[in-house]
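Next come the structures, one after another.
Next, two complexes with chain A in common: one pairs it with chain B, the other with chain C.
On to the complex of A and B.
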């Protein structure tokens, strides 16, 4: 697991309050019963952790945790390159 | 109304009603600090509009639900401006659910952003208001009337309004005026989101005011500007209702002019 993936997993599990969550690339927000507040809190925590900006419209394209982690990794890389 | 040379902070000043307030204060001559939450581009665009009015604009990202972010925001204001004259507590959030479905997380989120933030911001703002100041809190009719799925926000606004009264008295000796306003439905994106799931009649009720039109962001901004002017000096700790009269007439009975 990459450090970014570790962090995403840690934040997601903490915010949805499911320590036993099976966090795999195919897991969806729906699988973990995340409501819109959970998702906002996850995005805010990740923006803070990585000093990135997540665009809500782009999030609409994300289907599962695999895509979510890849998206965050792209944002982190773009910030480092800037 | 002249606010020339004043420094104003508007939380959530980047869009919706907050944007209208930022522009109105700027038109009066105030330099405006625009706080926002997550949408940088929107904040930047409002800042450009503010600058076009010949004053300076500065954007600060901070989730006012987090005390440490409030601290950092005020550290930045202190370093950049050295003082503050006007503080508008406008940012708000909430979880649209009936009371029996509200969990502790939704409650805390809403109360932290809508009520606790006001207290924590005022504690810092008051220290920067060395020549007195004006504080205005933006509330809504939902603090005293019940609206569907509005419990968390309504309760947080009730706390906000109570704080206005306490602060008005406690800060008066420092030359700081504290007031609030309670708006009815304001034509806005957030109202559209809120009424989306409601019956057409209930959703439409917001549009029928005795005044014959819906409240606009600029109506709210005009009232804020008045409360920031010396003309309103003897108004203290009040919550002024701005709703086109809608709360005076039972739903559906108001005849548009």
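On to the complex of A and C.
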């Protein structure tokens, strides 16, 4: 698991308050019972943690945690390259 | 003490909000920061005599409107008036924030900028909304429309602490709002919450039904914000309709002054906006007050007064201490 994935997992689990969550690439926000406030909290926490900006429109294309982690990794890489 | 007021929140904003804030500055002696588009707020403020008050305008070029998804709208409008007002509390520039904007927006702002006290996932909009049952709190009244069983338990713990500390009820009774008293009655959320409450160590008396609320059958009644908000608004309309009917039927049969007194009391007992106007979100790690969207100046001023009281009574610190104690007691009693 990459450091970014570790951090995403840690933040997601903390905010949805499911320490037992099976965080796999196919897990979805729906599987976690996460509502819109949970998701917004997760996005804000990740933006703060990685100093990135998450675009809500782009989030609409994301289907599961595998895609979500990949998206965050791309954002982190772009920030480092800038 | 400075209180940040979302000048653009509410059905009658900014006019009634600004008027109410001016009245509160005078009545409660607080400093007011009116948060909104400067030119708009200045125009409203110019209509009132502000001599001797301490009122400033804090620029926020955007604001939330009804119909937007509050959590996502806040991400799009990072300079929305409710967000700027709540950030002022976070940054120590204000002791409390007050908004009559969409409840979801106030909750989302509080959650995003202030967070919740340890162990509680979400802010709770709760309180007494019926004058007929002054010792009954209903939680949630609109802040959390979709809930999970563990959130219900959080609401109950917060409610029990609030009832004990602020209403002076030593061992408050707690109930789930359902469509039948028996265990197993209700929707999935209520049925899943029931065993959790049984094990909680709270003074849980089971399910209560809608008609038990005005009868004050429990001190803390738990429902989701979807149901709670409907209850509040239904009650308001019912009180107004019944008092209107009374006026029709009794006019000329009893003295007008007496009739007016009776109907006035009825409206006040059923009308959350007129009686209280709003109050602090509970379990937030800072003071954020939500006012009813229909509030006019008098109620806005009253909610600002409640914000001042919440700061003076150290609502946040008290809830933190009491919640920690309550959780210890619950752990002991459920062990």
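The rule is simple: the second predicted complex is superposed on the first by the 82 of 82 C-alpha atoms of A that agree within 3 Å, B and C clash if a C-alpha of one lies under 4 Å from a C-alpha of the other, contacts with A are read in each partner's own complex, and residues count from 1 in each chain.
In this section, contacts are C-beta pairs under 8 Å (C-beta built on N, C-alpha and C of every residue); 3 or more make two chains touch, one makes a residue touch a chain.
Note that this is a predicted model, so its numbers are computed, not measured.
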Based on the superposed arrangement, let me know which partner A:44 touches: chain B (first), chain C (second), both, or neither? both
First (chain B), second (chain C), both or neither: which does A:33 touch? second
Go through the superposed model and pick first if A:24 touches only chain B, second if only chain C, both, or neither. neither
Of the partners chain B and chain C, which touch A:53 in the superposed model: first, second, both, neither? first
Residue overlap on chain A between the chain B contact set and the chain C contact set? 36-37, 41, 43-44, 56
Quick one: in the complex, what on chain A touches chain C? 17, 33, 35-37, 39-41, 43-44, 56
Complex interface listing, chain A residues touching chain B: 36-38, 41, 43-44, 47, 53-54, 56
Chain A partner, complex, touching residues on chain C are 69, 71-72, 74-76, 107-108, 111-112, 121-122, 146, 148, 150
Sites on chain B touched by chain A in the complex: 38, 40, 63, 95, 105-106, 109
